[in-house]
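Consider the two complexes below, in which chain A is the common component and chain B and chain C are the respective partners.
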Partner chain A sequence: MAHFDENAKPFSNRWLDDRLAINTVKKVLSTEYWIPKNINFLWAMGMVLAATFGLLVVSGIFLLMYYKPDINMAFDSVNYTIMTEVGYGWLWRHIHGVAASLVFLIIYIHMLTGIYYSSYKRGREMIWLSGMLLFIAFSAEAFSGYMLPWGQMSYWAGMVITNLFEAGSLELTGLVEWIRGDYVPGDAFLLRFFTLHVLLIPLVIMGLIVFHFATLRIPHVNNQDGEDIDFDEAARLYKEGNKKESKVIPFNPVFLSKDVFVLGIYFILFFYLVFYHFDFAMDPVNFDPADGLKTPPHIYPEWYFLWSYEILRPFPKDPGLIAFGIAQIAFFLLPWIDRSPNVAPAHKRGLFFWWFWILVLDMIALTVLGKLPPEGIYNTLGTISAIIFLLLGPALILITKLEKKL
Partner chain B sequence: MRELKILAVVVFFALLTYYGVEPYAHSVMHKDVEGYNFTYDGTADIQEATEALEEAQASGRNVAKAQARLEVKKAFWSEVDKIAKIPGNVANGQAVFGTCLACHNGAGVNMGGVIPPNLDHAGALYDKRYLIAVIKDPAMASNVDHKYENTMMHPMGSVTAMVSDPQQIADVVAYMLAKKAGDVTPKAAYEEACARCHAMRYSKITQLGETPSFTDEKDELAYKIKVLQEQELVEAYMGKLPPDLSMIIRARSTHFLETFVENPQSQLEGTSMPRVGLSQAGYDKVHEYLTEIGDPSKKHREALGPWVIGFFVIFSILAYLWKKHHWRDLH
Partner chain C sequence: MSSRRDFMGMALGGFTALGGIAALYAMKRSWDPLPSVAAAGFTTVDLSVAKENVLNVQKWRGKPIFILKKTSDMQADDRDVVVGRARYHVSIGLCTHLGCIPAYLPAEKLFRCACHGGEFDTSGRETFGPPPSPLVIPPFKIDGNKIVLGEEGPEYLKMKEAGLTA
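Let's look at the complex of A and B:
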């Protein structure tokens, strides 16, 4: 048995430290969690994501108090009860909708930052993989949430996406019906996606966020120059008071103060969108109640799924599904497709720099084309962009094999 | 500064994506329809008929029919134009208006598909030329003449036989503009212009008008049956039950709604919804009601927004000072 100080006042610092080692925990997780000094605001995106997820949970709980998961009541419970009768219901709904959209914008920025600075390899593979799992979990969360208002787009996007499980010419209609719980999306469908959205997936996400944070602790975050820092040495310098010479800063309070400032700026943008420009996050088509007899003229997913939708669409059924499948797992493989020994920002990595910007532009092109009707020139451009995306994988292997060690 | 440069790059690509999936994609998906500021002089109808004729000529089929239709349209709207120039006599118009009351009597009885609307604010809601047109030939005025071989089959068609003299038409229109143009509430505007076809369940309006409250469940059910029966008649008349408009303000763009109400054919070719003939002022009232019911938080948003954003501006300034304090001796 450890030594306990009998005179410590209950719940005093000493008393708690004897029992919970709070001083050690505080050091490990905050005051002596060393962060490189040489980083920019892009390294605050993780915190921005965590905060946005927090907002999603809180606003979601308020919506849950009035939402009715029943195909005859869902639409009106959202559009009438919450928007009209519940005090500030509209505020929670718009916060939830805008946050669901912005969280993906930030996730993409966060991922592309990781790619630009080579933060996914040489010891950081687990950070990357846990991040990708978060991306998948968030995608599932967003899709299931989109079903809940039971508008036209909920219904038809639900129809189209679940149809993918038919797996092309394998014609697994039984699987599709099993997923839907019916021949077409209906009450069983809505209720199960509701359960996933409000219970299971959020739990998974919370677990994954903890895991993602844990994967960061030992490799530490990367920095703007990809420099391999000796954290013990740098921490020693810092603690001795040589703050200028030291290459690191403690997470709390030094890095945190910057995170909080970035959060402040982000929330100005966030609430500007919530109050004055929420429509980008709430498709007008979904304000028509679901009608299984009336197919909307254009069916498209939310913007953050468009790039992978556009990899599916231009090809014939089976090749399209295979391409789509590749797109879903491609980013998981990144740490192994990249064969270069260098951890450095893209502008120091020769051809990789060009590869990175082609990736960004191609994904934006796919996103825009995914929304446009697949006709004429848009169809051609869509096919080209999708092929470029698929070729970027092999191209990366080649480029990085040729890359010289810095 | 490096951070600002990075921010500029991030913002640029975010805005590029936004531009592509929102304004640009929508401009491609939705056809651009020209509006006519809620004036009705036949320009749109004649242009439609001209295009139909060109199409017929290109395909070589039904050319004579398309040609005839164009001529009829031209003749009709030039007649309307002539009547619009005749000065109307309000007192004489009042007498003619009695004919209208035979149907527009507020009795709530379905006539040929719909309950004729209350005309209490007709002068404030409808455009003058449109009123002339609707008395002269309701099917032509509403641009649904393609549905009727003979105007008499339109539910209000028999009016053409009852009030056919141009002077009479000018008189009754002058009467409505003078005496049936009082202040109209947004709700009344909706009830008179749209509610005979479109229910609005978020404000308890059906094709029978505002739903009363009942204490006895039997009465409530009996009333529901009456509503269903009325809806069946509207459905039989229109080919489908017109959609409930509770959320339409968020389901369609402002521009779509304006141009659609002005001339439904322009946005949905072949639709059975007739043109309603609202003036700009009349439409504004209807639009106000659609907003009131479908987007009631508008004024709360405008009131609360500046406070929340102001809070985060102050928050950011304080956070910046805090950051400066901690980072001051790091470099």
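Let's look at the complex of A and C:
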């Protein structure tokens, strides 16, 4: 048996260290977890996401106390009880709605940062993959949550999205009815998506967040020059007191204090939206109760799903579904379709720089077109943008194969 | 003795797998539509009161059902439900693209889906846009001047055999 200090005071540092090795844990996870110095505010997005998820959990817990997952009561429990009767119920709902929207904005920024600085390859593949799993889990969480107010958009988005599982000409009607537990979205549907939203998917997300952090620990975060830092050497310099010469800082407290600064700025924007512009996250159509016999004139998802929705829309049914499927998994493949050996910011990678900005602009174009009604010129532009998106994959293989080693 | 350990491993693994499969089956069955839902009633509609070129929307198993009495200038189709001398178009009112409800435009005599612009003629056949197939005809039985939705009558079975229902 290991040596225990008999004289240590219960719960003192020594006492805990004997039992839990807390000093080692603290070193590994915080005071000697090294972060490069040459990074910018975009490296704070992970912590911004973690904080936003925290707000979603807290506001969600309070909403859960008054929400009724029943097709006859859900709409009123949200729009009447929570919004008008519950003290500060509106606050939880607006925080939940705004956070659900912003979390995707930050996820996209976080992903595009990773792409711009080539942070998904050469030892960092697992960070990218676990991040993509988180993106899928957040998407499922957002969709299932969107069903809960049981307004017109909830109902019809539920109808359209579950119909996707019919898989076009395969006509898997049985599968769709199994997912719904009914011929159309009803009580069974609402309750199972409620269960997924408040229990199963949050558990998965929490597990994935821990895993995502773990994938980061050994390869370390990338830096804005793509420099291959010798972390042992840099850590030695830092610990010897040569903090200026060292290329790294410890995660806690130095990097975390920078994170907290960015968080402060972010929360100013966040609560400005919660208090003054929450309506951007609340679709007016969803303030009509669900009606299975009346389709709203124009069905569209929330803004963060528009780009992939627009890839589905312009094509005939089967090719549209295939294109949609490709769009969903395309980003998973990024570490392998990028054939270049360089880990460097996009502006040092020649054609890749242009590829990156075409990707960004095309996704913005798809997002805008997804919101517009499917008529005339919008159809043509939508088709072009969708085809550009699909071509960006093969284009990346070609561009990165030609890329010279830096 | 490794073979003995292997046997223990396989026996444990086998029973665990069996239990796992059983649990998955139970989970699958838990998500099946409830018997009360599956047995959801039959809808009977009186056709004698229908007016020509006016769409009548009924609800059957939570889905909208289109019933349209055809005018004499609308083209007759094998998908029509014939009761006496009148011809009716009867279909599930969900676009075969992604399940939105198309609107009926009496002046243009066609159905148009607002979601993605698909169009169907008065026989429910797709004429424009993304819908891959005609509007689906629900199981029906003709009972005098009435139509019973959900029951498979001889007229329905004939249509189904001819592959006209979907």
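Heads up, the rule we're going with is that the second predicted complex is superposed on the first by the 406 of 406 C-alpha atoms of A that agree within 3 Å, B and C clash if a C-alpha of one lies under 4 Å from a C-alpha of the other, contacts with A are read in each partner's own complex, and residues count from 1 in each chain.
Just so we're on the same page, contacts are C-beta pairs under 8 Å (C-beta built on N, C-alpha and C of every residue); 3 or more make two chains touch, one makes a residue touch a chain.
What you are looking at is a predicted structure, and each value in this text was computed from that prediction instead of being measured.
Asker: Based on the superposed arrangement, let me know which partner A:275 touches: chain B (first), chain C (second), both, or neither?
Answerer: first
Asker: Have a look and say if chain B or chain C is in touch with more residues of chain A.
Answerer: B
Asker: Just to be sure I read the superposition right, which of the two partners does A:91 touch: chain B = first, chain C = second, or both, or neither?
Answerer: The first partner, chain B, only.
Asker: After superposition on the shared chain, which partner residues are touched by A:159: those of chain B (first), chain C (second), both, or neither?
Answerer: A:159 contacts chain C only, not chain B.
Asker: If you stack the two complexes on chain A, which partner ends up touching A:397: first (chain B), second (chain C), both, or neither?
Answerer: neither
Asker: Which holds for A:298: it touches chain B only (first), chain C only (second), both, or neither?
Answerer: both
Asker: Considering only touches as defined above, state whether A:58 meets chain B (first), chain C (second), both or neither.
Answerer: neither
Asker: Is A:261 touching anything from chain B or chain C once the two structures are fitted on A? First, second, both or neither.
Answerer: The answer is first: A:261 touches chain B but not chain C.
Asker: Identify the residues of chain A that lie in both the chain B contact region and the chain C contact region.
Answerer: Dual-contact residues (chain A): 297-298.
Asker: Taking the touch rule as given, give the residues of chain C at its contact with chain A in the complex, in rising order.
Answerer: Touch residues, chain C against chain A: 28, 31-34, 37, 40, 57, 59, 61-64, 97-101, 114-117, 130-132.
Asker: Quick one: in the complex, what on chain A touches chain C?
Answerer: Residue positions touching the partner: 156, 159-160, 163-164, 168-169, 177-184, 186, 188, 192, 292-299, 313, 315-318, 320, 374-375, 379.
Asker: Report the residues of chain A in contact with chain B in the complex, numbered from low to high.
Answerer: 37, 40-42, 76, 79-80, 83-84, 88, 90-91, 105, 109, 243-244, 249, 253-254, 257-258, 260-261, 263-265, 267-268, 271-272, 274-276, 279-280, 282, 284-285, 287-289, 297-298, 303, 306, 360, 364, 367-368, 371-373, 378
Asker: Within their complex, state which residues of chain B touch chain A.
Answerer: Contact set of chain B toward chain A: 2-3, 6-7, 10, 13-14, 16-18, 20-22, 24-25, 28-29, 201-202, 243, 246-248, 250-253, 296-297, 300-302, 304-305, 308-309, 312-313, 315-316, 319-320, 322-323, 325-327, 329-331.
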